[in-house]
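First subunit A sits with subunit B, and in the next complex the same chain sits with subunit C.
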Partner chain A sequence: MSEKNPLPFAKTQSRSMLLWVIAVLIGLPLVLPSATLATEILIFAMAALACNLLLGYTGLLSFGQGIFFGAGSYCAALLMIHLQWGLFSALLGAAIAGALLAFLVGALAIRRTGIYFVMLTLAFSQMAYFLTYTLSGWTGGDNGLLDVPRPEIRIGDTLLMSLSDARYFYGFVAVLFLLIFIGARRVIASPFGSTLMAIRENETRAAAIGYDTRHFKILVFMLSGAVTGVAGALYAMLLHFVPLSNIDLMMSENILIMTIVGGTGSLFGSLLGAGSIVLLGDFLSDLWPRWLMLLGIILIVVVVFMRGGLWGGFTSAFERIKGSRKSRLPIQEEQP
Partner chain B sequence: MLELYMFQILNGLGLGMIYFLIAVGLTIIFGLLNFVNFAHGAFFLLGAYLCYTAVSLTGNFWLSLLIAPLLVAALAWVIERVLIQRIYNLPHMFQILVTLGIALIIQEASVMIWGPVGKSVAVPPLLRGVVEIGDFVYPYYRLFLIAFSALVGFALWLLLERTRFGALVRAGSESTETVSLLGTNIFRLFSMTFALGAGLAGIAGVLFAPLRGAQPFVGPEILGVAFVVVVIGGMGSFSGALVGGLLVGVVQSLMTTIWPQGASLMIYGAMAVVILLRPYGLFGRA
Partner chain C sequence: MSAKTPYLLETENLKLSYGAFNAVNGVNLKVEQGTIHTVIGPNGAGKTSLFHCLTGERRATDGAIVFGGKNIIKKPSHGRVALGMARSFQLTSLFQNLSVRENLRLAAQGRDGLAALNFWRRVDSKREHLDMADQVLERLQLTARANTLAGELSHGQQRVLEVGMSICSKPKLLMLDEPTSGMGIDDIPIMTQLISDLGRDHTVLLIEHNMSIVMSISQRITVMSHGQILVEGPPEFVRADERVRTAYLGEAA
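And now, the complex of A and B:
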């Protein structure tokens, strides 16, 4: 039992899941007071989804997601400010920056497994923060990078759509999120995804079958870095500004907490987790500046009492209503 | 110029001894309990703030050097009993996440109690002033720092190598089950070790307070440095924590003269180099 990873197993997610996501994407701006808040939720859901690929599907606990988020922010912003790059090329640049950094961090951190891997990702996260702080000529240091544009969608010289309206920008981010969500589902359903889950369940055995597990781990790290980088770039465009906090350790921890609270091993859970934490933050940060304390408490409660996260909680409640007691937590199905 | 480097190396030794105290606490907890305590930086933070409060209440630094680490250790003991003991049977990942939650709570509570702006702690009167060796001037407090940390380190070594408690901790690090089967209350040992490790972080926090004051958001930074030290020195090794701590301290201090902005950056660079050349650290076993 102790050898087993009690993370919920990825269920074969049906088509109805996709409909749920689309419903949420359409519903969010209608329910929430501002499109900006809805956009923020989707951006962090994207980052949490990328974190989930590592944590939920490969079993890698990374404290380095903030590196890729911040790198995406700074890279896209600098490309747009200094080289006047357009929307798609800036996002592509951010994805490449995220993937490259993930390759560097991954290649070094994956030399070690288990506890050392976790410590190394945290140390590299601190390194990235200090590097950004030191290069204040480029990044603005403590003041952040100001005057980040939000380019319009154009193909060639034809202007298709301006994104300066918050609702249009939300629409753009929602489409991007849907594409990434579908892509992530494809990845998980592919043989590559199965290999990742094999590594999560038992890395030694996966290696013994003949998989170069290090190779797979670096690849999924790069994939996660690229998606997180895109999320970072979108966040810079949303705020018109890159605060130094985009790359600090707290960003890594926030993304991680959203992933865990939502439920590891479920992509829809990441959307739930990001949504609830962003909303909680938005609601509480004015009332109670020290609301992060609550985040710590939530994290502990989820880990101790509700390891499936919100998604796991919902599914088990749903199962119980349906009366089938056999699958309260997916782990219990696995009993031989 | 040479003098300046000498000065910085001495500074680095002092800083390195503080890093050693932090890292060795982390290492002892890891050795026995087999998980990384992400609240370690928060215990350091708490040590520094409790030192500030004790000094401003009593005016006595020495008293705070005694009380603050004890309070930190007591708090850690309670946390271990109430919370961490419930999750020993879970994978390490969950223990890390719970300690991360504890770290956030302690950090935010510290800001609530002591405010978002750092507090400075005065150097105790006895240790003000400088010592002169030829043209060379050096503050007493920093010399005291080196000597006192060395003393704590030595006492810890005695505790681990020469007492029954130490023998149990070492035996438990090899095989918890065997020690438990031989009739030792392993959970009491866990609580005491967790408290001991946190207390060491608390001592480091107190010693650090007169240098840089108590800063509310220093926890993650200290945690990062402690990780660098154990990655370089090898986890679970007393000598590794000592050499790693001194190395990191001296590198950071020397870089302060050469490239001030990059001083913090360089210790992570040093870590990357060690990982590339010796993936298991300087003293680590494969």
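And now, the complex of A and C:
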């Protein structure tokens, strides 16, 4: 990727970043007209965050994210419908399905680099779509998979909380999002994460200093697939329904767009990206049936004028306002 | 191959062919432990092809590469680092958007190979990699620029970092591919100084164009021509050789 943004911020700032995320999680349902809309934002933010691990931190442009999202949806839904699996086991099943598929797609696709890699993920994405379409006995084909339950939170036989109220479900998704956000930050700050950035910057050099880059790429693919699968499962629970579009190429595109608009290489950016695209879609579709055109224009504006997406735009504007009060030493997010 | 050999690296009848063309044509190179050994030769002599075989960037067509008593011809480049080989690049190849310190730390971490797949520990839980990065920073006299992005260093400093990254993995053999390439005349003494300094505790295999460096710091010189070894010996010997003069030194000596 040519769009590498080394957005500098120090450790204290990254701690306040966590507070920002918590503030957003609390604020979203208060500001937005419905908890369902807020939940949708978080679910896509999860998917965008997982995409960001690939695109922003490893430099892999994957059109396969829809596969993992869709697989998570179908897998969790089928487990709940046919085997009466509970909430956590269904989510775990979705994570495993996402990770396994990501392993398959990743292991094959990373044998090629650059444009060929992208084409391979695209091909897998199309295959997954048609496979799902064909297996209509299980997936419902064009009609989608109906009557997906939203199980309550249980430990053993004791019922802890029902999630049928949209606000409670939001709370559950928000906690999960926070955990995934913290987990992703840990991954980025680990030896593994630092190696991913080395691969993004210069794969030849990374190999020359001793890293077998294939293993790193496959592992990041699997982590990304697992998180995307969980997001897909939550989406199925939110809608009580799995539309075929969950595994469509459009889904991969949407996730990519959210990631890029929010800002690659910043996890908070993914939340921004998902939030703005979901909200814009919601708002614009009320105004005009051809709202996707407006979205296209906005996408062009962000990509052309805001280096590093919305997050990059915000931070550079912020820096400009702050002027030269602080030292300009560029300290990487991942620096200890 | 007995382990008692004084040679850290030996190639036996090494060949690299592109179709009918033999870029490296039966080279028997012997690099003695603890020396600075330089490979020179006119353009197209096969120096870089030889180098690529040694680093694992290209798989040699035939022959053997014996390093520390083991034939490593089938090892991929990343696998050679753990054995104690390290290289620098002719065209500066850094992690441009990462800090100088992080460049060095990553290079130190690379020797652990797949241990770096650990995604749940913090980077600074491996103190030794940071310590190594700081030591090398000091040695390169780049401590003041530790937090600068590698891409923002001057060209000369980037070349120094390029070479410095290769010592972070505590290698037995340093392979440097034209470390002065593209350096300004004022920066070259710094690089010469650095290489002879590194030669004190590493075996160095150097590919170099710059004659004054080659003659002043090498203990042994191999002259290549047409994919083969033309002459090999100490600097005085090579300098005096008639064939070398005609093949290569004409312009410089």
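In this text, the second predicted complex is superposed on the first by the 311 of 336 C-alpha atoms of A that agree within 3 Å, B and C clash if a C-alpha of one lies under 4 Å from a C-alpha of the other, contacts with A are read in each partner's own complex, and residues count from 1 in each chain.
Just so we're on the same page, a residue touches a chain if its C-beta (ideal position, glycine included) is under 8 Å from a C-beta of that chain, and two chains touch if they have at least 3 such contacts.
Since we're looking at a predicted model, the values are computed, not measured.
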Tell me which partner A:Q84 touches in the superposition: subunit B (first), subunit C (second), both or neither. neither
Touch check for A:A207: first (subunit B), second (subunit C), both, or neither? second
Would you sort A:S34 into first (subunit B), second (subunit C), both or neither based on which partner it touches? neither
Subunit B versus subunit C as contact partner of A:N143, first or second or both or neither: neither
Check the residue A:L292 against both partner chains and state whether it touches subunit B (first), subunit C (second), both, or neither. first
In the overlay, answer first, second, both or neither for which of subunit B and subunit C A:S162 touches. neither
First (subunit B), second (subunit C), both or neither touched by A:L120: first
Residues of subunit A at both interfaces, subunit B in one complex, subunit C in the other: 6
Tell me, which parts of subunit C touch subunit A in their complex? 55, 76-79, 81-82, 86-87, 89, 93-99, 101-102, 105-107, 109-124, 126, 130, 147-149, 152, 165, 168-169
Under the stated contact criterion, what part of subunit B meets subunit A in this complex? 30, 35-36, 83, 86-87, 89-94, 96-98, 100-105, 107-109, 111-112, 220-221, 223-224, 227-228, 230-231, 235, 261-262, 264-265, 268-269, 271-272, 275-276, 279-280
Could you list, by residue number, the parts of subunit A that touch subunit C in their complex? 4, 6, 186-187, 189-195, 197-198, 201-202, 204-213, 215-216, 219, 223, 329-332, 334-336
Going by the contact rule at the top, pick out the subunit A residues touching subunit B in the complex. 1-2, 5-6, 59, 61, 108, 111-112, 114-116, 118-120, 122-127, 130-131, 133-134, 248-250, 253, 256, 260, 290, 292-293, 295-300, 303-304, 307
